[in-house]
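In order of appearance the chains are A, B, C and D, and numbering begins at 1 in each one.
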Amino acid sequence: MGANTFGEIFTVTTCGESHGPALACIIDNCPPGVAIDEALIQRELDRRRPGSTRFGTPRNEADAVRIISGVFEGKTTGTPIGLIIENTSQRSQDYSEIMHSYRPGHADYTYNLKYGIRDYRGGGRASARETAMRVAAGAIAKAVLTQHYGVKIGGCVTAIGTIYTDRFDPAAALESPFNFADNSKTMQAVLTEYIDNLRVSHDSCGAIIEVRAHGVPVGTGSPVFGRLDATLAHAMMSINAVKGVEIGDGFALARKLGSEARDLIDESGFKSNHCGGILGGIATGQEIVVRMAFKPTSSIMTPGQSVDQYGHCIPDLVTKGRHDPCVGIRAVPIAEAMMALTILDAIMLDTAQCHLVPRAQMYHIPV
Amino acid sequence: MGANTFGEIFTVTTCGESHGPALACIIDNCPPGVAIDEALIQRELDRRRPGSTRFGTPRNEADAVRIISGVFEGKTTGTPIGLIIENTSQRSQDYSEIMHSYRPGHADYTYNLKYGIRDYRGGGRASARETAMRVAAGAIAKAVLTQHYGVKIGGCVTAIGTIYTDRFDPAAALESPFNFADNSKTMQAVLTEYIDNLRVSHDSCGAIIEVRAHGVPVGTGSPVFGRLDATLAHAMMSINAVKGVEIGDGFALARKLGSEARDLIDESGFKSNHCGGILGGIATGQEIVVRMAFKPTSSIMTPGQSVDQYGHCIPDLVTKGRHDPCVGIRAVPIAEAMMALTILDAIMLDTAQCHLVPRAQMYHIPV
Amino acid sequence: MGANTFGEIFTVTTCGESHGPALACIIDNCPPGVAIDEALIQRELDRRRPGSTRFGTPRNEADAVRIISGVFEGKTTGTPIGLIIENTSQRSQDYSEIMHSYRPGHADYTYNLKYGIRDYRGGGRASARETAMRVAAGAIAKAVLTQHYGVKIGGCVTAIGTIYTDRFDPAAALESPFNFADNSKTMQAVLTEYIDNLRVSHDSCGAIIEVRAHGVPVGTGSPVFGRLDATLAHAMMSINAVKGVEIGDGFALARKLGSEARDLIDESGFKSNHCGGILGGIATGQEIVVRMAFKPTSSIMTPGQSVDQYGHCIPDLVTKGRHDPCVGIRAVPIAEAMMALTILDAIMLDTAQCHLVPRAQMYHIPV
Amino acid sequence: MGANTFGEIFTVTTCGESHGPALACIIDNCPPGVAIDEALIQRELDRRRPGSTRFGTPRNEADAVRIISGVFEGKTTGTPIGLIIENTSQRSQDYSEIMHSYRPGHADYTYNLKYGIRDYRGGGRASARETAMRVAAGAIAKAVLTQHYGVKIGGCVTAIGTIYTDRFDPAAALESPFNFADNSKTMQAVLTEYIDNLRVSHDSCGAIIEVRAHGVPVGTGSPVFGRLDATLAHAMMSINAVKGVEIGDGFALARKLGSEARDLIDESGFKSNHCGGILGGIATGQEIVVRMAFKPTSSIMTPGQSVDQYGHCIPDLVTKGRHDPCVGIRAVPIAEAMMALTILDAIMLDTAQCHLVPRAQMYHIPV
């Protein structure tokens, strides 16, 4: 399976460079009979699209998606779904300076060494623009999850640089220009000042995003290498700039005692969810909770020391182009999309193997 | 691909329950001509095996591995390698009480709901005993990495509960009864007391492990869903009890500025390694750095509230059996094995696609 | 892996219906640095495209391909290659009559039962139109095989209905309006009359195609389930209307003695090639020889008995639309494409596992 | 996925050499709750095992299978099933002469060139002994198919060398020492003489086997690269010595007219089954019919010209060892096993994608 395909059954294969003609994806094994149209996909894309908020990149892309196959009279047919987005706002001349240079913190060097050639314009395939297709495919996965399985997925930014919140509130995040879980006036002011300062100082910052899935059927997931924690970690860590992933209480569990960390159960159900809804790699029926850390955007106007492909030093390389001061801000729909793809795939695998297990007749721990 | 297979090219498929007849694995696509024998595998298994330290479970398993195929006259032949370990120290009667109960923090409930049936003895497939085969397969991957590619992998425990160290010292860890990066007399005393207290209080604790790979060729890894960060996260999060994974500076990057976090480069090479040796999903040639959090062992003698499979409450379920007070302590060779499997697979994929790229003639940033 | 993806490393994923907006494919893990442009792909597409010969369907499609990613300044970059062909000559009204009917010999019934819904226009995804994307992807595989490995692939029709030849002559086939291995004046007259008679009688016929690969490196292929014979059989039998595949002497070997069938070897090399260039699933270095049988087109104007989706009998269903009297005639580039995809994938797998085997220094049996 | 794994969901991974310590396999994603024991598997193995008939090799192997995981109290648990067969009747000294020689018609040369090393004893991994594990895994697939889906699979030899029958009669074949579809006294006499003559003349012959599956649910299978015809072709062509595969009327369809070849339908159902129960890659509900050609055993006592690994000619190489005069005779259970594995996998994939399609309420064409 290629590195540009995700999933075992519900598979998504993507292609496209930042400044190439178009982005596309093909989704295979989508269940038939699901109501899908371009508007449904577009709504998710609009949450991610550049130009939608003044706190993101000024590059303005319509990101208009076209369905080219697999949907007939408003329903999925079970055949592969092709999606395409034409690139319209390329300003490749911004990048001619870095044709031979390696921007620090970027994939320029690693692509060049790996492939011996690279499309340097806007980072080519390494650009976060690639994630548009994840969001588009995720919109379809979400539709299947909602229409067939009653699973709901939502997420929000919970930290931007040093500013963080303990809240988890996807509804608030939808209203927030920062997709932040706390959309209070006070927090808006704090974040606005924080980001504006970053712009002035030609710098950027990292972020933390939390996403949750509600209603995932108990039994979803697999043991060993296919653990749901593992596939979720894979999914999230494959998003540009993500450098850490945790499930449930995550790293905090390392410092806890067993007597604190295990989730006890009484007649009213699970009494806590430290495990993030997954035990032994398999969903407990509780909310599935994933958190991930984004590194700060490496593309900043502050000069940095680097080299070119011939080994010449560049003492003050400046990364031009139109960039987000915090890539995490626009990444909530991407993380949600990856969660939707992962969970739907796990549900389909579980169905394949275990659909004859009489789960409806078995005792379910309340959640 | 089944949930019990890891890898795309260098694939490992495992089977076996804690109290079943045996554990086994099959390794496919191993390069031919690599010197392998049972002793080489046994050395790694002995690092993980139960009964090897008084700070682990008292279950005493020889974990004697037998090679049943794929090796001829001391060398791999390129055909699949079969390995088997017979289980010898099962005390299944310890588990009859939990035949119908769901131990809190365990996979009993999720296995039962998923499959409608479970081998309750010792956790069955959900037991950490499964990881013996990862270590065995990892020993072979390490041999290939060492003999063919000059890659070296090492790891150590860096935190046990609330005790932690900033050191990274695999050599010290090999001497430490806790596999801890700091093996000073003082630290030994601190940890001994900490673990002994846990035993007395019938409790357990979590841990953090760090593993690093040295000498990974620049270009190893892939973009997008196949990013090396993502496959490493998958690998580590698939280990029993792991609930968090980070690459390089990981979660700390969320609080950093772009000007701090990007790794600058001058004539003497990379000036830092915040990215953990991976940019755009592809190895930079620097050390690859992965950290993971283990939750505390859920199997403790302290009674806990739970239910049985009929929904009856059990106010004071006690988990008998022979357990580790801190599962992280014996997990270093497991984490190293998963890293070896992931990196070797990535190298082989890179070879398949890019072996004609004239990398030897290209400028390499010193590391 | 989805049913619309072919290959393990060099993977091709396709989508698109006969009368939908477009066909597309994404090729992953293509080696970088290969010279590719749209003209190179178009040349292969033109060999298959409808409307190119009066002995095929009168549907006239330009089949103009557009590269949307993975190629930069005329070379592959190693990132996924996206290709798209817009459908331009749909006459969907031809199909309204069969909206609820099941054409005999067609996939209408099986698609309807499988998915509960189908795009009936032109057969939807079951149309041979789908194969355009195989040809496009195959053109790229051929370019890699030629530029990097010196492998050449060619094929020809060797039987049309009851008319057959013992020749194998791809050069003659390229000149023949029937892609037939014998392009003599006499044979042209025979075939013209044969096909014209079929048209007049509103009937169709089957065909046999043979394809060969020259220069495949000894060692290409794998044992057991991944045998090169097996993956070639898979590849060919996945082409619409193919119902039989054989390697080398194929079915004729069942009637032969061991003393006749084994390929002896002397100082000048292999003395025969009954095995079709594959022993134990691995290429011998000889020509790889594959033959396949196409069933006659089921879409004929002769009425036939069938049913509709409610179980009502239709005593005289006529399949309208614009169809080929012999689908085999246009299928040579498809078979060549599938062979190219299969062999390139096998070469890449072999490289991944065995690139350090010093084959150049080993004794090669002359071919 | 490695070359030693078969299937997408119901996966089987095998290992083991002819003269190594043991053969093993791991089956993943087996549905839970299926009644399985060693006796059930042994019954199938006994049909294939060497030494069971005087018309096969005199090598006498008990082929005693041991289940090492995935089965608990007589039922599958959903976790991977490990099977092992110890090799007991190795006479490796038979093979010391061919240590450096390449037997004509064998994989000695191709293995050597591919891997640079080979276990020459008994053909190593290239030995048909490998197929024991296919039969064992197939026994489990058959149990699932029977217990869960009502699918029955049977096969028989329909041609041995130049002796053939038009019958298809698995029951007769079970009684026949040749597994032949015609077990009449006359035919027994004919075949006994034919095989005895081959032995006397130190020669061997090919064979044809036909296998059928009854009760495969309509909708099983996929379009395009995952066509059920294609996966069956792959499965069968992966069996040692198979060089041709056909579905339904197969190669005979190339010579037929469309008006003859399409399967018409009336109120009583399908009126023929030229397509072999598959249209558009998807099962029609009719019997699935597959035929395959086995080449004659290359291991014969008649001397043949060959070379050794240094390029020296060997004018009269004799293949010692204990061999079958016709490998097809013992191959019926192997072909049945591969059919069972293929069809079960296809059913599970179909379940994953389409289990919500209300097929039970749809019109089914009688079969």
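One rule holds in what follows: a residue touches a chain if its C-beta (ideal position, glycine included) is under 8 Å from a C-beta of that chain, and two chains touch if they have at least 3 such contacts.
Bear in mind the structure is a predicted one, so any value in this text is a computation, not a measurement.
Placing every chain at the mean of its C-alpha atoms, the farthest one from subunit A is found to be D. Chain pair with the larger contact count among C-D and B-D is C-D, by C-beta pairs in contact. Centre-to-centre separation between subunit A and subunit D, using Cα means, comes to 45 Å.
Subunit C and subunit D have Cα centroids lying 26 Å from one another.
If you average the CA atoms of subunit B and of subunit D, the two centres end up 38 Å from each other. Across the assembly, subunit D contributes 1-5, 8-9, 14, 29, 32-33, 78-79, 114-116, 125, 223, 349, 354, 357 as residues in contact with two or more other chains. Taken as a graph of touching chains, this assembly is fully connected, with contact between every pair of chains. Considering their complex, residues 9, 29-33, 78-79, 148, 223, 348-349, 351-357 of subunit C touch subunit B.
Residues of subunit A that touch subunit B in their complex: 1-6, 8, 14, 102, 104-107, 109-116, 125-126, 130, 159, 161-162, 198, 203-208, 218-219, 221-227, 229-238, 242-267, 271, 274-276, 278-284, 293-300, 302, 304-307, 309-311, 313, 328, 349-350, 354, 357-359, 362-365. Here subunit C touches subunit A in the complex through residues 1-5, 8-9, 11, 13-17, 20-26, 28-29, 32-33, 66-70, 72, 75, 77-82, 84, 114-119, 124-125, going by the rule given at the top.
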